[in-house]
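The structures come next, written out as structure tokens.
Two complexes are shown next, each including chain A; its partner changes from chain B in the first to chain C in the second.
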Partner chain A sequence: MKKKRHTLMKVVFLGPAVLSYLAVFLYPTLRTTVMSFFKVDSITDAVSKWSFAGLDNYRTLFSSELFLRSMRNIAGIWLYGGLLVFALALLLAAILTSGVRLKSFFRAVIYLPNVISAVAMGTMWMQYVYSSRYGLLKSTFKTLGLEGLSAVQWTSPEHIFGALLVAYCFGMVGYFMLIFMAGIEKIPADFYEVATIEGAGKFKQFRHITMPLMKGVMRTSIVLWTISTVVFFIWSMVFSPLNPEPGTVTPMVYMYQMVFGANMVVTERNVGAGAAVGVLLSLMVLAIFIVSSKAIRDDGLEF
Partner chain B sequence: MSGINSSRMSRAARGNQLPGYLVVTAWCLFTFVLIGWIVAASFSTTRDIFKGELFKSGFHPENYVKALVTHNVGVYFVNSLIYTISACFGIAAVSAPAAYILARFPSKTGNLIQNSFVAALGVPAIMIIMPLFALITSLGWTNSRLLLIALYVAINVPFTVFFMTTFFKNIPSSFEEAAAIDGCGPMRTFWVIILPLAQPGLVTVTIFNFITVWNEYFMALIFANNTALRPVAVGLYSMIQSMRYTGDWAGMFAAVVIIFLPTFLLYIFLSEKIIAGVTSGAIKG
Partner chain C sequence: MKRTFAIALALLVAVAAATAAPAVKLVYWSMWNQTEPQAQVLEAAIRDFEAKNAGVKVEINWNGREIRKTLQPALDNKQVIDLWDEDTERVVKTWGAYALKLDAYLAKSYPSTGGKAYKDAVMGSLVNLARSYAADKGLYAVPYQPFVFAFMYNKEHFDKAGIKTAPKTWDELLAAMAKLKAAGFTPMTVDDAYMDTLPGYYLARAKGYPWVEQLVKDKTNAMWSDPAVLQMAKAFENLAKSGYLSKTVASNKWPAGQQDVAAGDVTMYLNGTWLVNEIMGSTGPDFKWGTFSFPTVPGGKDDQTAANFGAQAFQINKNCKNPDVAFALIAHLTTGKWDAELAKKSYGVPVGGTTDWPVQLAEAKAIFNNLKTCYPWAAGIQANVDKLPVISENFTKLVGGTITAEQFVAAMKK
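Showing the complex of A and B:
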């Protein structure tokens, strides 16, 4: 009797969560995967109207100049942005865990961009920092007497990728800084005390104590960074609000324009290829996950 | 924590902290200038903004009226409030009971469910959007508030379950044992005894969900892209797109402020809780 009641409770309590998962994650993921091997003209077409196309959709993607550009763009965001974000986040985390005053205040301010809508943050950068008429960069360089730099059009096609990267990374630094700070604070203080007594300087301590003990945290962070960069979308839309530009286009923007878009840049409507973009991005996340778990082994240290 | 750290530092080492202070102060200063200027510009006029002389022609709170009424930001704001508040309640109602079962009754099925939920955290939105769009269109449910709320609930369930499971695990099961002895059924025990104990975790994860749903853009762009249904993020974006026709920069900056104000205020009051939540959720590895 008692056991039966528990079964009822389990079903009632787990039911809605499991059903919503099946409806919104499992079913769509499987259908998108299958769809990527079919030619599908309209997104609302029934399965009976799909025609099998093998790897054609993937071939279409890899022969599209704009798609290849979008892949190069996210590879750049992942690699250069990743190096920038991880380096700055580690630096700030090391500073804030070294016993500075007002630690919580600094930490809170640096994390702040993460709670603000990306559309709002992007607009602030695009319409203020990079503005060629009254922008922060323009006026700062002008005050410093650097006429050459103040005349730079930061959002022109040759600079926009860098401008986008810096603006995006500025917010992400705060998030990874919090994760790194928590990782550093988990390391017992006596490790550092002993090192100090033995005569190891700050830099050596960071290199030989902090970094090795943060392996697990780094691995998680790399996966989190990958998950957030493959779906790079809003920033790209805000930085080129009218049409996707080669400098800012990402696979997700490309897919959006191809399946839902109304502009003339991506003219071909090919829902199957849109699905293939999704499959490729998921495979990238999976690949990075597997590689980083194999490459960065936890030494099984307990502390 | 800072106590341990400061005892770690000798006086001499503290002298070297100046470069560190300079770096973090410069970073924070930039953040303040960025947000401060936007707020100042939102009370100025487009002409003064372009001349680089904010407030030259005085203080202009009417930008907010223009943004809210003329540019429809008022409608978007109410939409966002409806979506965000309903979704937060929905997410909690679906996730908390599920997380409780996963935490209290470990089993093979439970493990499978838990792993599937964690895997969902890595699934890009692009993987799920097309079938959902096809399904919803064929059922004729597009452009409905209720649908967008249901989507927001479903999408945020995996993270919330993941977050809450650890929380329930830390509540000693002696509470249920005592309740069972007193003749309280297991379901009632959950609602009356366990859920109140889990309140701090539920509040933290709900703050996260509030921020996530308030700032959500992609789903709303696809499922609620008309003036009556748009939330603020999509509304601001459509406003930016039409800037070259309207040319109302001051009104746009007012809209930016209106959009970030709710999550910004939430953060001012609850930053410690939010920061503690970020690290406890992500650090598991």
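Showing the complex of A and C:
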């Protein structure tokens, strides 16, 4: 009798969640995976119009210079952007949790870019900060008398990847700073008091107390950073709105072009190849998740 | 009593009027955003059509250019959409399978065609263009808002620099640029969005557009060794070295370059005739526009009779329940009064053969009347979407002066 009630409870409580998950996540995942082995012209084509293509879509991707470039670009964003964002976010989090005045003011200011729409932020960077005619960088360097720097064409093919990276990281620092601050504030203050009494300086405390106790937070942050890099799309679209550009193209942008066609001209669409991009990206996220779980073990410390 | 009766009667009439469904309802998905001048004219024209045809009601859904992504899924899901519009090539090639064949309507006359058959009231070249994209060469779209792609320039700069006639050859272009530079103007600029049109047009003038399409699709990259490619690269390297291009050309992000033209800092910009309307907010209506076709190049094959021209076009759903009314609406929008109004308000080209052109496009009219060959967009250089970004990137470096013509060719062959 008792057991039966439990089963009913499980069904009632888990049912809606499981069903929604299956319908909203699992079904599209499976369909996309199947689609990646077919040649499909339009995303809404009936399954009867698909034609089996084997691994052709994957071959197309790996022979496309643009797709390979897009993979290199997200690798660059992940590594360089990751180092930049994590270093700055950790530094700021450590400073703001060390008892400085106006903590909540600075926290709000640094987090502010996350509140503004990415499209607005991107356009501001693109059309204002980097403008080679009246841009913020140009006029600032000019005022400082740095003629060479003020003449740099920030959005030319040579510099656009760096320009994109800086603009994107600018906003992300605040986001991760907030996560790190929460992680640091969770660590009991007594640990630091003891360390101070024992004569450990701020840097030593950071290295031997903060960092080890932030392992779990770090691991989560790396997974979050990876996912946001893999699905990197809006900033790339804002920086190259019409046609993808080698310096800013990402797999998602490439996928978008494959699925919906090029913007200016009529070209053949290849939804299957787009689906294949999706499958590859999912595998990448999964791989990073497994690697980071294995590499950064949770020590099971309770504090 | 009388009063009660009157009120009851009035109510009855009101209820009857409110419940009477329109005899014909059309759903139009538009490529325009409601704030654009084209949309405003079309909406007024549609309301006029409703007033003239009692019982007809048109529901408009302003999609903007997002229609490129939204229309087909909606049609696949059997949503009722009677007519829609987008670029002629796109509607015929991508959505042709959903469209009604319209050849039979061309011979009919409509109130706005002045007693003539529809086909005699509009520019025949456009109808032929729409036919050329269809596999069976039938008519699946009705063009309107035509454009031609050519050099749009500031006529005042030309006058001040003492340039009497617009350049027809590359050498004449160089001479004109030298005069402009001497007069203190920056002769030319380009935005990232149109970067590829320059090499595309040059190569098409040199070898014809089918060759350009072959070139970019050539998987071995051997065709890039053709002397025409180096000649093109040298020509633009020379423009960069001579200081004929805007200093910011390598970093221009659309619309930065065309705004320089609007501000009167730069003279020429290779673009569509839509540019006049696009930057009207910055130039004002008194800006003196000129248009000249891309010049011929030394040893080249094509001349000014070839250019990328096209139009937006209406299409009727093959499942439309009232195709006759839908076509009558299209005729109403694309001929007579409303064609002229659309051209006037959007500073665009009218479809009607005898309709007046906006003064800003006077020189474009001469180009239009001279056209024999229609280039694809950017003269075919976009035919391979995987190669295109690499071409654009390296060409940007070339006009920015950071690589040489030889380095450009080498990069293309990689």
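By our rule, the second predicted complex is superposed on the first by the 272 of 303 C-alpha atoms of A that agree within 3 Å, B and C clash if a C-alpha of one lies under 4 Å from a C-alpha of the other, contacts with A are read in each partner's own complex, and residues count from 1 in each chain.
Here is the rule we go by: a contact is a pair of C-beta atoms (placed from the backbone, for glycine too) under 8 Å apart; a residue touches a chain by one contact, two chains touch by 3 or more.
Please read these numbers as outputs of a predicted model, since none were measured by experiment.
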item	value
Chain C versus chain B on the shared chain A, clash or fit after superposition	clash
First (chain B), second (chain C), both or neither touched by A:Q127	both
Which of chain B and chain C A:G261 touches, first, second, both or neither	second
Touching partner for A:E193 - first (chain B), second (chain C), both, neither	first
Partner chain(s) touched by A:L66 [first = chain B, second = chain C, both, neither]	second
Contacts of A:Q153 with chain B and chain C, given as first, second, both or neither	second
Which of chain B and chain C A:I43 touches, first, second, both or neither	both
First (chain B), second (chain C), both or neither touched by A:S240	second
First (chain B), second (chain C), both or neither touched by A:V85	neither
Chain A residues touched by each partner, larger count belonging to chain B or chain C	B
Touching partner for A:A53 - first (chain B), second (chain C), both, neither	neither
Overlapping segment of chain C (options 75-83, 129-137 or 327-335) - the one that collides with chain B in the superposed model	75-83
Touching both chain B and chain C, residues of chain A	43-45, 127, 133, 241-242, 260
Partner chain A, residues of chain B touching it in the complex	1-2, 4-10, 13-14, 16-17, 20-21, 23-25, 27-28, 31-35, 37-38, 41, 49-52, 93-95, 97-98, 100-102, 105, 113, 116-117, 120-134, 137-138, 151, 153-155, 157-158, 161, 185-187, 190, 211, 214-215, 217-218, 222, 232-234, 236-237, 240-241, 249, 252-253, 256, 259-260, 263-264, 266-267, 271-272, 274-275, 278-279, 282-285
Complex interface listing, chain C residues touching chain A	68-69, 72-73, 76-77, 87, 89-90, 93-94, 192-193, 196, 247-248, 250-254, 256, 260, 376-378, 382-383, 385-390, 392-394, 396-397, 400, 402
Complex contacts: residues of chain A adjacent to chain C	42-46, 64-67, 69, 126-127, 130-133, 153-159, 239-247, 249, 257, 260-267
Chain A - residues contacting chain B, complex	5-6, 9-10, 12-14, 16-18, 20-21, 23-29, 31-32, 35, 43-45, 91-92, 95-100, 103-104, 106-113, 115-120, 123-124, 127-129, 133-134, 136, 139, 175, 178-179, 181-183, 185-186, 189, 192-193, 196, 202, 216-217, 219-220, 223-224, 227, 230-231, 233-234, 237-238, 241-242, 251-252, 255, 259-260, 271, 274-275, 277-279, 281-282, 285-286, 289, 298
